[in-house]
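The structures considered in this document are given below.
Each of the two complexes below includes chain A, the first together with chain B, the second together with chain C.
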Partner chain A sequence: MKTKDVVIGITTAILLLVIAIAIILGGTGWTPLTEIRLLAKFYLENCFNLFDKNYWAASPEAVSAMLWDYRGIDTYYETAVFFLAVISGVALFRIAEVKVGAISSMRRELGLSIIVKTVTRIAFPLIITVSASVALHGHLTPGGGFQSGSMMAVAFLTAIAAFSRYFIEENLKLTKDNFLTLRSVGLITIAILALAPILAGSIALMQNQAKPWSSTPSFPEALGILWTAGSIFYYNLAEFLTVGAGFTLLFLLISIPEEEFRRILRL
Partner chain B sequence: MNFEIFLQLYGYLALMVIMVISLYGIVRGASLIKKLIALTIFGDTANALIIFLGFKFGEIYPPVLPTLKPTLEDIAWFVSTAVDPVPQCLVITAVVINMAITMFLAFLVIQIYRLYGTTMVKKIAKLKG
Partner chain C sequence: MTWTNYIAGLAALQPFLAIFAAFALPLISLLAKRRQIWECFTLTILLINFALSLIVFYYMYNFSCKPLLYAFGSWPPPIGIVYTIDRGASLIGLLINGLVLTAMIFSIRYMEHEGGTQWYYTLMLGFEAGMLGCVYTGDIFNLFVMLEVMSISAYGLVAFRRETHEAVEAAIKYAIVGSVATTIYFIAVIFAYGSFGTLNMADLALKLKDSTLPITGPPIGDILIGSTVFLTLAFWALSLKAAIAPNHFWLPDAHPAAPSPISALLSGIMVKVAIFALMRYMLTIFKGTIPTFPVVELLNYTLITMGVLSTILGSTLMLVQRDIKRLIAYGTILNIGYIAMGVGLANLSGLVASLFHIVNHAIGKALLFMAAGAYIHVTGSRDLDELTGVGRRMPFTTAAYLVGALALAGAPPLSCFMSKLLLFKAYLESGWLAPLVVVIVLTSVFALMGYLKVFYHVYAKQPTRDISSVKEAPTLMVVPLLVLASLCIVLGIAAPIIVDNVIVPGALSLLNTQDYVLAAQEAAKLIMEGG
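Showing the complex of A and B:
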């Protein structure tokens, strides 16, 4: 037992030493101090270049342009991983029906103190509003679908912590199935948007603006006076729904009281 | 050795120390909950390392063009002052996916606790049937 600890300690120390030497010898590649790499320069130069539209993505925000245009397939698979994580969580916690009626009579006593409840009542709509704003401006300002979805889930998480999960299920009339539907709507929208260029005859999945090697028409970069940056605006909205509803669904499942579960497992 | 290089090396080494410590936690944690916490720290350190690779000294701005009608000078200014957007793009998705995976593992741990009444790895390994 003692020798095992010593061996593990020495192994950890050697690992740290090896990594430190690798870094000092330049193992992280070319890390410039005051300039950026050539790849980053290409993206920054082309993401909103009105004068040379060969490689542009129609989005003044370089990160969103990369996320949904230049490196779109990567984001597509990340969304698939997210889908799998959520669906396996739901599959693990599938139970017939959580009984609400018995506890709802003493609902007023549930949750934290009146100070926390009042503050949450004020903050909850504000957080939802800010998250929607971040999602809608994702192609123009810092932000996007992933960030705004997480913010929306945090709003519901504060509500669960301050009131209880019955606040969401009874006062807001939003059940687990509603969130499952919302998440599915977001995912289907992403899938349709990704496949639309292929159906239109393109060679590229998730093509936003046409690149020199594909001659098909690109997404319209604006709807009237509303600048949508091609498909990035719609992708951000769909991802907002997917991430926000997915995480809220997981939070709702994880906050099911333990007694309910034990009652169901015994049956 | 000037100050910037020292700062860069110091940042890398600090992140690596945290990474190795969390790796030790993943291997040696007695309870599944402790392993899960160490795994979260490991993932966040990896993300911080990627962000750190994109940092640069000097005049810096976020990689967002502040106008919808840029001139060529605007674009040249943007390219020379913005930070590297590639690591930010990588990390945005990784953070959310990390959180989803962590939630899934937490669900698994909760289920194990419900079924076996313990999260200690050694006790779970000795269970029969």
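Showing the complex of A and C:
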């Protein structure tokens, strides 16, 4: 073992010890906390308070209300973090107009056994359906855009593992650019939703429901009989597309065989 | 409607717009495959942002002596996230926008032979948004998010030249170190929220004085321990982002590996954003508020020690570099040391010196990196020995480089001379820390030697190879250089006016905890009145 490793190990241990002691001494509030923090209580009491709509977010799901309404701009920028991370990946793997998939002759033999393939064929649409339901119910039940998007990407990941990436590109006819487009559409939707109050003539970015102290009108709480919690439903839907397509894009990129990537880099 | 302000809204719109544009650019690049369109689009957005920041800056310095508050989603603090714009923030915001704009114009020709520039510009827009958000925000968790936006784009940009293995290696190193720092900052935020029960910066400052904004109530945990751990961890994380020694080790690899305009932004402004966040915590929020345990004072002395260490390390290591960009990157460590020394004094004169040096160094360092970029663009080499004599065939670039080098080394009457003089004065007045002025003088001499070494190689020395094909850099690269060079001169000559009218009010606004808190309190009154 090198001295450097020992130093890093000891430093980490000291850091963890200090943090642990600080927590025991009440640095993060007394543990166990007997009451909910007042700010959390405020969110819980107000996110779907039908009797006092001054502070409400029209969403029975408190977490979604916090994510897309009370602290909405954080989520907007967190989406940007994920977006930029994927873009960094795309920039690293940029391949100028060269078709991937030259070894097409052996494509039939790619992938796992017929049992796995069949199971994946069955599971694939089911995973997509579940992920969509999580997204569509994000403002009502636990879930939301990021979770459902990750689930959707898992469906594509299983397909990549079971069939190889060429299956997605050629049988499903979904290329890297398709996912990029899908993702951009989701992202731009989020940005436009956030800008909507500005377009309505106020300065409140990302405002959802009307406030007594703000002249901006509310997002409609429901679309016909469909409760949308103002803008939260749309945000979740757009985030679902964004995250799902973003992750799938990354999976597609990292499943380019290294040899092939090197060959293209050398061209 | 006075509580959430239109002018502050214009500040909030800048990072929002940059991210919106970043979202849209990949789609635009799929629809229109011409790089000119992507460049025009990016340029337009950056110009709009620059104009917005100019308006905010002008308004803050002429019409508003108090910080302005902008509430996202119309949620008053502490329910939602607010941006609090004071004069200091508007100044740094203007600096960020100006430099990113300059770097972008420089990039048009610099990146002309590279593929995938749509990703480059996307990341650049994200980078700008992250930096602006860090400066404007009034929320400790939002600062974490914006640090991430800034850092993630920076990692991607450092790795952009993925065909050179140094770039990828430096980016991986940088990403690991940077993620550790942001994670540590996140743990710090947990402590702050855990003990104080709020994420709003003004609310933190109030709770330290036994007061509070509505809703959040009194502190939940032990705020002494909570704020000590928070400050220490945040200090560590931000000093790592700011590359103050001994946390500077990642910088000499990461900054030179990026394309030159990005090096200019990383060295010129990104490290300062971290220092600015540190200023916000140590001078605005937590200043002199925990009488029983002098954590802020201890951290101030730590900052001075680290600053001194940075200046010594940076200046001596500069002298032995052979790679032009690496040499300039060590200069950043040196100058960040000066800025840290000024902040560590925690008084007005130290802060004025630091703030002025932030501005001067940002412009000077951006100039040097871009000039180095021009040499590299023309000759294709970063090695000083291979650059010998090319300066004679590139008179404008070399003239700009010389101005920047002399300015950074502290030659009168150029810009950094004035800020170093202010730092010198601040230390002379500081009592027992006065001997540290020796460090300032000595390291400046080293810096001069280091920067002139480059000048000697590219201009004075006889060329070792045939340079007859070397031509002056393209106009689009020379113009930004000349603009920055003239700024170096103007900031030096007009220093007394600028210090009195811009820097001192900016520093005063950063030190004014009372007005900062008042802005949040006024907005929070809405909750008490129920609208």
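Definition applied: the second predicted complex is superposed on the first by the 240 of 267 C-alpha atoms of A that agree within 3 Å, B and C clash if a C-alpha of one lies under 4 Å from a C-alpha of the other, contacts with A are read in each partner's own complex, and residues count from 1 in each chain.
Everything that follows uses one rule, which is that a contact is a pair of C-beta atoms (placed from the backbone, for glycine too) under 8 Å apart; a residue touches a chain by one contact, two chains touch by 3 or more.
Just so it is clear, the model here is predicted, and its values are computed rather than measured.
> Overlay done on chain A, so just call it for chain B and chain C: clash or fit.
Aligned on chain A, chain B and chain C fit with no clash.
> Examine A:194 and indicate which partner it touches, taking first as chain B and second as chain C; both and neither are also allowed.
second
> Touch check for A:224: first (chain B), second (chain C), both, or neither?
The answer is neither, since A:224 touches no partner chain.
> In the superposed arrangement, which partner chain does A:177 touch: chain B (first), chain C (second), both, or neither?
A:177 sits against chain C, while chain B stays out of touch.
> For the superposed three-chain arrangement, provide the angle chain B-chain A-chain C between C-alpha centres, rounded in steps of 10 degrees.
70
> Is A:19 in contact with chain B, with chain C, with both, or with neither (first, second, both, neither)?
both
> Classify the contacts of A:88 with the two partner chains as first (chain B alone), second (chain C alone), both, or neither.
In the superposed model, A:88 contacts both chain B and chain C.
> Touching A:63 in the superposition: chain B (first), chain C (second), both, neither?
After superposing on A, A:63 lies in contact with chain B but is clear of chain C.
> If you stack the two complexes on chain A, which partner ends up touching A:37: first (chain B), second (chain C), both, or neither?
After superposition on chain A, A:37 lies in contact with both partners, chain B and chain C.
> After the superposition, pull out the minimum Cα separation from chain B to chain C in whole angstrom, please.
Shortest inter-chain C-alpha distance (chain B to chain C): 5 Å.
> Intersection of chain A residues contacting chain B with those contacting chain C?
Shared contact residues on chain A: 19, 28, 33, 37, 39, 71, 74, 78, 81, 85, 88, 92, 265.
> If you look only at chain B, which of its residues touch chain A in the complex?
Its residues touching chain A are 4-5, 8-9, 12-13, 16-17, 19-20, 23-24, 27-28, 53-54, 56-58, 62-70, 72, 75, 78-79, 82-86, 88-89, 92-97, 99-101, 103-104, 106-108, 110-111, 114.
> Provide the residue numbers of chain A that touch chain B in the complex, in ascending order.
By the definition above, chain A touches chain B via 8, 12, 15-16, 19-20, 23-24, 28, 31-37, 39-41, 43-45, 47-51, 60-63, 66-67, 71, 74-75, 78, 81-82, 85-86, 88-89, 92-93, 140-142, 144, 146-147, 149-150, 227, 243, 246-247, 250, 253-254, 258, 261-262, 265.
> Where on chain C does chain A make contact in their complex?
Residues 1, 3-4, 6, 9, 12-13, 15-16, 19-20, 22-24, 26-27, 30, 70-76, 78-81, 115-116, 119-120, 122-123, 126, 129, 133, 141-142, 145-146, 148-149, 152-153, 155-156, 159-160, 162-163, 168, 187, 190-191, 193-195, 197-198, 215-217, 220-222, 225-226, 228-229, 526, 530-531.
> If we count contacts the way the header does, which residues on chain A are in touch with chain C in the complex?
Checking each residue of chain A against chain C gives 18-19, 22, 25-30, 33, 37-39, 42, 54-55, 69-74, 76-78, 80-81, 83-85, 87-88, 90-92, 94, 96, 177, 180-181, 183-185, 187-188, 190-191, 194-195, 203-208, 211-216, 265.
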